[in-house]
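Chain IDs A, B, C and D follow the sequence of writing; residue 1 opens each chain.
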Amino acid sequence: MSTPLLEVRDLKTHFHTKEGIAKAVDGISFEVYEGASFGFVGESGCGKTTAALSIIKLLPENGKIEGGQVLFRGEDLAAKSDEEIRLRRWKDISIIFQGAMNSLNPVMKISKQITEAIRLHEDISIPESRKRVKGLFTQVGLNPALLDQYPHEFSGGMKQRVMIALALACNPLLVIGDEPTTALDVMVQAQILDLLEDLRRSLHLATILISHDLSVIFDACERLAVMYSGKIVEMGNSREVYTRPAHPYTRKLVAAFPDLELEKQRKTGKRTLGKSIAGDPPNPLGRISGCKFHPRCEWADKRCSEEDPVSMEIGADHHVFCWKWDKIG
Amino acid sequence: MSSRYLGNKIAQALITIFIVLCINFFLFRIMPGDPLSMLMRNPRASQQAIQKAKEFYGLDQSLPVQFGRYLQDLLKLDFGVSFMFKKPVTEVIGGKVGPTLLLLGVSEIMAIVLGIYLGIVAASHRGKIVDIGTISVSLLLYSLPTFLLGMVLILIFSVYWGLFPSTGMVTAAARYATLWRQFLDLLSHLFLPAITLALTLIGEYGMLMRSSLLEVLSEDFIVTARAKGLREREVIRKHGYPNALLPVVTAISINLGLTIAGAIQVETVFSWPGIGRLMYDALNNRDYPLLQGIFLLVCICVIVANLFSDLLYMVLDPRVKS
Amino acid sequence: MFVSPSFRISKKLGLILLIALLAVSAFSTVLKVGWTVEPDSVSPFIAYNLPAAEVFLLLYDPLVALNDQEEPAGKIAETWELSEDQLTWTFNLHEGIRWHDGEPLTAEDVKFTYELFINTGLGLFSGFLNGIESIECPDDFTVMIHTAEPKANMLMGNTPILPKHIWETVAEEDLELWENEPAVGSGAFAFLEWRKGEYLRLKANADYFFDKPKVEEVVFILFANNDTLAQALKTGEISAAVNINPMQLPQLSQSPNLLAVSSPGYGFTQLAFNCWESEDSKGHPALLDKRIRQAIDWALDKQAILDMTYLGQGEVGTTLIPPILQKWHYKPGDSELRVYNPEKANALLDAAGYLMGNRKIRVDSQGNELNFRLYLRSSNTQEIKAGQMIKKYLQAVGIEVSIETVDDGLLMDLIYADAEFDMFIWGWGTDVDPTTILNVMSTNEIFGLSDCFYSNEEYDRLLSLQASQMDVTQRQETVFAMQRILYEDSPYAILFYDNEFQAVRTDLFSGWKRIPEKGAFFFTINANNYVTVTPK
Amino acid sequence: MPIDKVTTFQRIKNAFSVLYGNKTGFAGFLILCFFLFIAVFGPFIKPYDIMDFGGAEDILRPPSFEHLLGTDDMGRDILGGLIAGSRISLLVGVMATVLSMFLGAAIGLGAGYFGGFIDAVLMRLTDIFLVLPWLPLVLVLAAILGANLWNIILVIGLTSWAGTARVVRAQTLSVKERTYVERARSLGSSNLRVILRHILPNVFPVIFANTVLIAAVAILSETTLSFLGLGDSLNQSWGMMLHYAFECGAASIGAYWFLLPPGICVVLVVLGFTFLGYALDEWINPQIRKR
């Protein structure tokens, strides 16, 4: 593997709410390599989106990076001022939001929304930037004639393509996809994922995909991290984690997709709903000592409830944070 | 598609206007007391004179016939003759529209500009003292009856400090050395009533803008804009305002009905010679034609304002067109 | 830190103050009079209210006006004489009087005006002309008026003389709808502009034949309420105010630039009873018994009511003609006078057959309760207060009162159209001559001016008698007798003669005089103040 | 006013929920309890008779030991008047609200439940009531019916239901689709039964939350009507006190004690209802806030 493009070390992001401090991201470390794809998976509220947004400090007012480093090509983004970060956004790292929903300004023409980003970071004329947008449209499989439409005139899939075009506008090195395919139907979902994959390869992009849907991450990412309650519980090569899930939580996630034949799913266009996992996700404000998962874990013992599990390398590029991983049958 | 939307809205407005016409006509016919006794003060009026007056005002016909005539006349923009002023209603109302428009216009503009500004300030200092202050003041203004606010302002600015006149639109029958003085005179008379009306509106518009902006700022596309690297100011200006103003624009046009209620009170307290006071006087004198005229005018204004807000929305929000 | 913002504020205040000052600096040769009621019309055939009568005094001249001492003084008529038989009046007119439009005023105008009033019977003034048989004009400046009987009030009516060349173009049956705007008269002031609901402007008649006004204009400004009226006076926006709220009198009197007066007015406020003895009457039958009406009069503490409504400014009411008309006002003797005495009221009610029932309400032998509807005008706070107090006083003697507040128009309907009432409160204004107000109570006026449907043959006889009694003492006797009858029968319980409250600015104008000596400035018997007052 | 103000209420409420949490709701509750207590036990706290006029020397006395808030233009104790007035003002507020709610709920339920033609007609009617300028309409109605307490209640109730009807209709539409309602309908329950047994209980929270907000509007309306001279002059509400204060020129003679206390009472009660309304809303039905 090549050198890491992005190296995150012991990142902590907390939200200050009136009820108390929520440790949304509670000390996570991971690397993303140039041109490689990385995925975050976990239940909603586990902190995966916060982790991704922390990279470019795109946090709500009450969210703050409390510790750790975000090394992007060796520079610590976490230590930079808001203004410095602002100039790096989109140029180096861009994000694809859930475009099918509300990530595009409804009262601004698509072309304007994209050229705005380009002209913010590059000193080029409007016609030139429009030309670039046309190119981007073609690249993501949209008819350039639709350039001056408004978002509501697009279907969900088309909007998502617009989002991708927008993300690529400034030729970034890293693209983060935050649930990029959620709310799309399965056929479109697959198309978008394929598009992303193609673009990644052809443009030599690094991508970070975030999804609550294990199947999406397994399918689209070379490496992944499973998050639970602000912590990474298992991380490594996708195939490795899929075939040998070690953490009880990962096991349950995997088990929740009994029929994990992704190809088949795609062909039939049918989605198998996973079984839900027993118990509720923890309250982000709660202070669970030891392993965060222990209240829901059937194998947990005293140690699990007292000591934070440490990273254990259990295979080639396969780490797990669990005291009992080897005790589980 | 958009023409269908438009057509639909116009049709709705027309139906509403027709129903208002009916309400307008029949409601005023069941008012107690005989309008003729107000019209003819002479208790010894001869039968001929009464008959003549009845014919003149069309009161001798049966209700349906009167209604028919009423509709016919309306088409000719003939609103009948005011009992009180014994002049055509259009003429009477026409003389009072100016002052009301002036009052409403000035206070609306003040309220819109200040209200939106306050809303933005409050929203961008969410939860801070400025925000809490704005909300508290807005709520207080909301809870304060308009007339009471007017009286309190009179108490302070006219009675105790003697800064502003408290009545009328100009110093009555004054002659002015210069046009500028005349303007100042109008301004000093306008100050208190306009402030009163504006204050009651500022709170509302401020709250409206605040909540609208906060709602917009929590939208995903704002995060997109931030992610693109726009400055926070630009995010709010380019993506926040255009979206946040949409509901505010609508609310302001729809609010006209409410503003008119305020205007009636303000005009009563400050003796402002406008439609509001005219309506109050017409009511006391049971001047049916005049009352009908005013009521109709006000209703149509509100309905048209609603229609206008729909159209404006169509222009401002591309989503509505489809 | 604290200095700069407050400095800025004071600068702003200064600016505002400047604006306000500039605003009120109007020309003081304009006499601005604030009032709270405006004329119902400027046509003498349509108008019935007092402000209209006041305006007619300025716009028009009568043949003979009244001087400050209530004596007839020449106006259009320079001199006049009465024939030996007291049936023919000859008026010699001033020559050279011109109407505001420049046409000359002649005897024909007088004849035309009087005949028009007599023929139509419309307006405030036609009543004054009762008894006139014929009018002739031997020349342009002589008018001879023949009457069937001697006419005692010939010189008292202030009847405006109207320009024939204008009014002859109006068909008689259209008179009640013809608004007479702009009014053309011959008076000290000419009609300039009337913005109804705002102001009425009159300008001085530069060619006036008599004393010319010292001001350029008189502007009557309508105020929505007493409150703003008083303020406008204080700020100098107006120079005079009528219908001031009595509550504001003490404060206004303290101002060195103001002269505020509370003076006896030409009118009274009454509690009227439905006295209509007819099948069609919708009034409570018990009120037809004069003992009940008297009992109500006994039961009211009028002084307390006057104290509460007008801060005691006025006089407790007795008879129909107010005491300011010293010549005509009849003061009931001690034996007749009814002064607050609930026991007397109770005794009378007992005598009338209404005994106290279970619910503390009196009932007659058939079990009919004494409960009366009392209508009050919602626009008049003083009358509402009085009504509430009356309810309380009557409750104390076992009479139940249910109060309903209605607008003026509705009350007029209830009274004049249907006689659908038991009691109500309002008031009358009176002239210098007693005939008009006495006439209200005549049988003839039922479904005319009579608001209580009272009828008494003896009273009617005396009414026509006094109209022809040229001897003041004799006439006085008759007028007294009539008032005695009314006081005994009490179709009205006259509550009080409320004072006029007026105030004027002494720093802006000089020459204010009260008419008569203890009277008011405006709404008096003549319009002299408007003419003599001088800008400072 | 009622209609437009409700949406404004909603916005103000949203703002408040962010800021104050339920503390304001509690404050509103306390304010209302205070006034309710005064209204109920007023006669025991301070006996007051509207007919108990003072003498001439008692008129418009400034606050003193004997009369803590001074006297009015008829020499009556203002504190006593305020206490007695609380009964009238609250009565009007509550009764008008009940009427408005009843109308709004009935029309909203009817329109939402039956749909089709009925819905179209009822909603058209609602739209018209939303559009008609409120105060002119109320002035005319009050003039037609005559000024007494019950007519004022009637007028306010008749003109303030449209906002509620809309909300109730929307809620009814969503409840109607629920399976148990479908089942009840298919089992042949009568419409009335389905509405009362299945729909109303689910719509009720919305109605209830709206009720408190309408009450504030009703009290404001009564005050305004009274001020404009269309009030019941024999039942002295706070609005009537303000009317008389205005009529006797309290402002210009500096009789602040006649003008301010009833004004402050009105403001407090309206604030109280607003606070409580927002809190109830949050408590009963959090998703309303999202609307």
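Going forward, contacts are C-beta pairs under 8 Å (C-beta built on N, C-alpha and C of every residue); 3 or more make two chains touch, one makes a residue touch a chain.
Everything quoted here is computed from the prediction, not taken from an experiment.
Asks: What is the minimum number of touch steps required to go from chain A to chain C?
Replies: Minimum number of steps from chain A to chain C: 2.
Asks: Have a look at A-B versus B-D and report the one with more C-beta pairs in contact.
Replies: B-D
Asks: Mind having a look at which chain is the central one, using mean CA positions?
Replies: B
Asks: Farthest chain from chain B, comparing Cα centres?
Replies: Of all the other chains, the one whose centre lies farthest from chain B is A.
Asks: Using Cα averages as centroids, what's the distance between chain B and chain D in whole Å?
Replies: From the centre of chain B to the centre of chain D is 23 Å.
Asks: If you average the CA atoms of chain A and of chain D, how many Å lie between those two points?
Replies: 51
Asks: At what distance in angstrom does the C-alpha mean of chain C lie from that of chain B?
Replies: 39
Asks: Considering chain D alone, which of its residues make contact with at least two other chains?
Replies: If we look for residues of chain D contacting two or more partner chains, we find 143, 146, 246, 251-252, 254.
Asks: For chain C, which residues are shared contacts with two or more other chains?
Replies: Residues 225, 228, 231, 379, 407.
Asks: I need the residues of chain B touching at least two other chains; which ones are they?
Replies: Those would be 32, 126, 154, 158-159, 268.
Asks: Which two-chain combinations qualify as touching?
Replies: A-B, B-C, B-D, C-D
Asks: For chain B, which residues count as touching chain A in their complex?
Replies: Touch residues, chain B against chain A: 126, 219-221, 223-231, 238-239, 242-243, 246, 316-319, 322.
Asks: Quick check on the complex: what are the chain C residues that touch chain D?
Replies: Interface residues on the chain C side: 225-228, 230-231, 234, 245, 247-248, 251, 304, 307-308, 311-312, 376, 378-379, 381, 384-385, 388-389, 391-392, 395, 403-407.
Asks: Would you mind writing out the residues of chain D in touch with chain B in their complex?
Replies: Residues in contact with chain B: 1, 3-5, 7-8, 11-12, 14-16, 18-19, 124, 127-128, 131-137, 139-141, 143-144, 146, 216, 220, 223-224, 227-228, 242, 246, 251-252, 254, 256, 259, 263, 266-267, 270-271, 274.
Asks: Provide the residue numbers of chain B that touch chain C in the complex, in ascending order.
Replies: Counting only chain B, the residues touching chain C are 32-34, 37-38, 40-45, 48-49, 52-53, 56, 84-86, 95, 154, 158-159, 162-168, 171-175, 181, 184-185, 187-189, 191, 268, 270-271, 273, 277-278, 281, 284-286.
Asks: Using the touch definition from the top, list the residues of chain A that touch chain B in their complex.
Replies: 56, 58, 61, 86-91, 94-95, 97-98, 101-108, 116-117, 120-121, 150, 152-153, 166
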